[in-house]
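A short write-up of the structure that comes next.
By letter and in written order, the chains are A, B, C, D, E and F; residue numbering begins at 1 in each of them.
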Amino acid sequence: MVVTKKSLLVQQLRRTQLIDFLSKGKRLDGRKLLERRPLSIELSPIEKASGSARVKLGNTEVIAGVKVELGTPFPDTPDKGILIVNTEVLPLSTPFAEPGPPSEESIEVARVVDRGIRESEMVDMSKLGLVKGKKVQAIFADVTVLNHDGNLLDAVSYAVTSALASAKIRRYKVTGEEITATEEFVPLEVQTLPASVTIARIEDVLIVDPDMEEEAMMDARITFTTDDRGNICAGQKGSAKPLSFDQIKLAASIAREQGDAIRDLIRGVIA
Amino acid sequence: MVVTKKSLLVQQLRRTQLIDFLSKGKRLDGRKLLERRPLSIELSPIEKASGSARVKLGNTEVIAGVKVELGTPFPDTPDKGILIVNTEVLPLSTPFAEPGPPSEESIEVARVVDRGIRESEMVDMSKLGLVKGKKVQAIFADVTVLNHDGNLLDAVSYAVTSALASAKIRRYKVTGEEITATEEFVPLEVQTLPASVTIARIEDVLIVDPDMEEEAMMDARITFTTDDRGNICAGQKGSAKPLSFDQIKLAASIAREQGDAIRDLIRGVIA
Amino acid sequence: MVVTKKSLLVQQLRRTQLIDFLSKGKRLDGRKLLERRPLSIELSPIEKASGSARVKLGNTEVIAGVKVELGTPFPDTPDKGILIVNTEVLPLSTPFAEPGPPSEESIEVARVVDRGIRESEMVDMSKLGLVKGKKVQAIFADVTVLNHDGNLLDAVSYAVTSALASAKIRRYKVTGEEITATEEFVPLEVQTLPASVTIARIEDVLIVDPDMEEEAMMDARITFTTDDRGNICAGQKGSAKPLSFDQIKLAASIAREQGDAIRDLIRGVIA
Amino acid sequence: MHEMATLIDDKGLRIDGRKVDELRPLKIEAGLIKNADGSAYIEMGKNKIMAAVYGPKEVHPKHLTLSERALLRCRYHMSAFSTDTRKNPAPSRREHEISKVLRDALLPAVLVEDYPRTAIDVYVEILQSDGGSRCAGLTAASVALADAGIGMRDLVVGCAAGKLNDQVVLDLNDTEDKEGSADLPIGLMPTLKEVTLLQLDGMLNTEEFQRAFDLAVEGCLKVYQVQRAALIKKYFGAEEVRQEVKQ
Amino acid sequence: MHEMATLIDDKGLRIDGRKVDELRPLKIEAGLIKNADGSAYIEMGKNKIMAAVYGPKEVHPKHLTLSERALLRCRYHMSAFSTDTRKNPAPSRREHEISKVLRDALLPAVLVEDYPRTAIDVYVEILQSDGGSRCAGLTAASVALADAGIGMRDLVVGCAAGKLNDQVVLDLNDTEDKEGSADLPIGLMPTLKEVTLLQLDGMLNTEEFQRAFDLAVEGCLKVYQVQRAALIKKYFGAEEVRQEVKQ
Amino acid sequence: MHEMATLIDDKGLRIDGRKVDELRPLKIEAGLIKNADGSAYIEMGKNKIMAAVYGPKEVHPKHLTLSERALLRCRYHMSAFSTDTRKNPAPSRREHEISKVLRDALLPAVLVEDYPRTAIDVYVEILQSDGGSRCAGLTAASVALADAGIGMRDLVVGCAAGKLNDQVVLDLNDTEDKEGSADLPIGLMPTLKEVTLLQLDGMLNTEEFQRAFDLAVEGCLKVYQVQRAALIKKYFGAEEVRQEVKQ
């Protein structure tokens, strides 16, 4: 949970100011209500990874790196590969993190992004099986947070999607149960580009892509991840206050629309 | 360790009252000195477990569930199965527990109950071997504590004994080193019914089955587990004060006698 | 980190006294500047270990025990054995240790001693391979600290070197991929005897083998481990202040010289 | 996810015989954990869940104390025997996430500002798990909070809708959750008509999302009837329940 | 447990040549850990155990402070090289249980009420383990407490009896413990004749339990002589020990 | 360690084409982490490392507060994707040791006595690792401290020398570190000419040690030029850097 160091009085004044701004359709940093912060994606900053991406969403900055290893399949999907998304909110990235086991926020972000990737069927896991029930390729998408200025969830989503979509993985030859690593690397096939969009509610106003200060003042938060065809494949409500039925439906349609814009941007980068 | 929230003065007054009661052969809740609280056992509350039992001993309430998995035998007993008893005193069950690794009390309870099951040879572990040195059946008896009102050890003992005695386990066909799971489920054979009886000493008086309040005031505690033939198969002294030779011998004979009554009750339930 | 309980004033007075002593070429316990505390080594105190040594360096006392197990080689050295040095600074040994995971000091000591053993090639790891890529002998050198009176690093170094140099390990017969344990035990061959020497700087004075009180007052610390031929095979600077170029070179030559004396002593014991 | 052809038969019935908009058998009972300040037990399909509340009470460790409101903590935990294959008792990442989601789902309903400088601990123990255990756990937790006498704006009810063979259905069981193609659990404050929990796991187009959401809300309102009855039964006895249900 | 035929031979001797009621060789020495406030080293058979006491001292963390008595803590720990195959240095469940049992076994003897608001930490380190390490550790811990000058009602001595081939025997070694059919370790305050530790692991009928218990008490009393001698030697020198032993 | 014949070719060039006394390509940039009080990014060969400083600030937990100076803490951590095969994100013993060594290497330079009762936290994150990551991390950490405006006696620079095929060489890359026979990383306060870090891993005779040490010091002084330029660029803009480098 994010706690600001400011005094209560200052917080209240700032909130009053924010609400006043929002009522006029503006935000404290000059954005419009449904405007995302500038998004930039640098591909392959980590040469040692199979795929990697450094994403800046405003001042929020993360790096995703993809590693592929040989692993054992889960018993209920013996012919499918494994994909694990992991996020570390380093104490490097914010005055509020502490060293130690992954925080609640790290776990939530990783799990929601993981669901978006998995449910959208971005990666065809059945192509990662090698020897049924024995050996599969296991994809680890690890994310290091460098600067946390709010809306980590979307930044991590874009970084993982970009890193996977640009990854090159080793080809294996399988003869019977014998697996031989080749020196050939092929692009990881992706079937769609999932993109998450996070919307915050402050009083009765919905805004897109809250920054850290807005997150500290928001009443509720909702994230939807959509795929190329506009399907919603993951959703997550957070924060301490409720949402109305209409707010949820509106958020879903905003997410679908802005998801397309984000996909276009990612597609442009990985092309 | 159990700590009550009451003030020191109130505790001392209560202790004076308790000792006065005990000197008249009575207890604060109306029981006689050697009287257990009402014991009720509900079999198979957890359909997904191979065997399960919900035990109420007065207001102490626990659920034991038995799961059977394939495992690797210990190197010194290559042809024997594995049995592991595990207890979790959940923070749900008492104002005094904390989330985190198993408490000292959880570990002691699980280990003493485990010894009773193991040393009584309740389950013939050699029948759980499948492929010598490679594959055996591993029985996990896990216990969740729902309400901790004292004498957890006996409640857990009765729950684990009942869950094991009513368990049905999958049959395996073994041909050479190949193991095939069948869809046939057979009762787990049990050779005896171990039952633990816990006796507390308060001043010079021995009482059976102390409740939480009595545990907070007891001087010493001793538990004996007996089998069908009246053998003692596990023992454990606890708490901060000593016992005399005579008290130990008396406790052992009480445990043997009450063990029979408990076995009769369990037998009635599983019949 | 070591913290003394004394008041600040007392500490300052003691430091003034120490510096006065050092300026006269003496130390508080009567030693000369480059004089080590008496070193005694008892071989094989632990019969159950393949090799063991109990080392007293003044009042610092440790026991090293060597165990040999079968293990899997590291992927990058498929035909070599494994050697792991581990040190536990027990709360038994000092008023300042706490139960829990290994302290920073434990880890540093174990890793520096490990480097000295490994880089000196004391043990020819290629002789510990059994089946390439599958099975090797794994040597664990575990150290229990009994009394911590400063300069743990050297005491642990001498104990591990002595325990390894006097170890007897089981012979295995290897036919193809089949490994058979024999009942024959042969001395572990060692190619050299690494010995570490720790030098502390207090103001401008270098002293050898600081005790606990000197460690609490030292400005900087440097350790060099040397082998039979006077090569330096491990080095580690520690503590909160710097060293000059000359101090480092002087320390290296002291370490080489005293290393020979220590090797002679160890050789005498294991002969 | 692939779908088995048989999740809904040609009569429109599901593998457990339910219609697409039918809840599983549901039972709620308040006040079973004697030590707790409030508690509730729920069975929803094969889910068997115990919830308990301790508090308002002193905050430990103290530095977590909030000066203006109660600290609401929530722990969702699965017993080792609750799943088909034994679950390691150490909390998984999934349990950590659901703990957070449940806390966020209860917070809007609890009058935390009435209990400054205190802690309210909510424990949800899954004794046997089936599909929808977070929803059933949420429903039970909110009854346990009410049973503890803690001031609330509204109860919170949980229920999920999902998608099987391209049909939107209510309240997925375990097999349906695994074989189906979407699960949308929601948490609702039934009187205020506000949503406090929403997760989505699976693929829904715009229209399906709309229908699933509406169906989940309907499900919540049905569960709410049983939830109220449990509290009335606890506090006013069985007679009133019957009257209540008739009305 | 199955039993090997050879645990007791036809002359009534055990695998290490002892009679059924004979202790293993025993050696106790006080005061070896310089940093500790009190310490003791014991060898009993192949057991080699160091015990150390720190305290009375300030309690950390502070919230554990007891206002009316000392907080007595105990940690039983095995060195990685102490067992036949290497032991993982992280404390096992067994070590946790024995730590608790030893604390409970020492508490009746220590005058904790004389040291309110302090902590007394007792560490028992198994350098080499044989059967009966908890008993030997208890004996050593009580010497270490006395060596630390901490007020005690009595010393505490540990010794076990057990069953081999249907015979009750004293002080089982490692092989006997594993192959035998019962082990009954007890802790005794030898002057007060009160029992502070009792565990049983194995199968004994009424009469065997009685005999094993009596035999373990006898064993404790023998160990007590060596325990006293160690303290006398430390505090009065070797001469007195000889006198003492003669008497 | 065995050595490959090809680590230095017959022209005296190394596997990446460098001469024996040549540094890898080096780039340092200050102030990239917006949230931090100071930060620096370094690329040295394939090393890509981010360092950030938070502080001086209140100490948590409070009992660690030092009354006469700042508490300097350091955490060296490797991202899971930073190594050839994925690294488990939990800190290894190696990471713990390097964290300690880096703290000890920075302490002599930081005016900790100017910030009593505060904490200064230094984080070094290895995004991609190559040989010499601790040296590059040290260089970056010291820039981050300066960028945070924390008072320092001097900067600290890290650079290693080592031995390949019996030749002493500067600044080993990953392959050279693994295949070579010694690595001597040092940390230097370049103006004060004092050593704050020294480790040695490998085998060097007296003369080799001397040469390697001198070479590492030379390397440090070269790195120092780039380090200074990064700070000047941050605080005085690009023009000054060019002037500075020309002089």
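Here is the rule we go by: contacts are C-beta pairs under 8 Å (C-beta built on N, C-alpha and C of every residue); 3 or more make two chains touch, one makes a residue touch a chain.
For clarity, every value in this text was computed on a predicted model and none was experimentally measured.
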Chain labels contacting chain C and also chain D: none
Compared with chain E, which chain's mean CA position is the farthest off? A
Measuring centre to centre, with centres taken as mean CA positions, what chain is farthest from chain F? B
Rounded to the nearest Å, the gap between Cα centres of chain E and chain F is 52
I'd like to verify one number: the distance from the centre of chain B to the centre of chain C, where each centre is the average of its C-alpha atoms, in whole angstrom. 48
Rounded to the nearest Å, the gap separating the Cα centres of chain B and chain D is 32
At what distance in angstrom does the C-alpha mean of chain F lie from that of chain B? 58
Listing for chain B: what residues touch at least two other chains? none
Mind pulling the residue numbers of chain F that touch at least two other chains? none
Considering only which chains touch which, label the overall pattern as line, ring, star, complete or other. ring
Listed in ring order from chain C, and going the way that reaches chain E first, which chains are there? C, E, B, D, A, F
Touch list for chain D against partner chain B, complex: 32-36, 46, 48, 50, 52, 54, 57, 75, 77, 79-86, 89, 121, 123, 125, 127-129
In the complex formed with chain D, which residues of chain B make contact? 45-49, 52, 59, 61, 63-67, 69, 86, 88, 90-95, 99, 140, 142, 144, 146-149
Counting only contacts in the complex, chain C reaches chain F at residues 102, 104, 107-108, 110-111, 115, 119-121, 222, 224, 227, 229-245, 248-249, 252-253, 256
Within the complex, chain B is touched by chain E residues 68, 93-94, 96-97, 99-101, 104-105, 107-108, 182, 184, 189, 192-206, 209-210, 213, 217
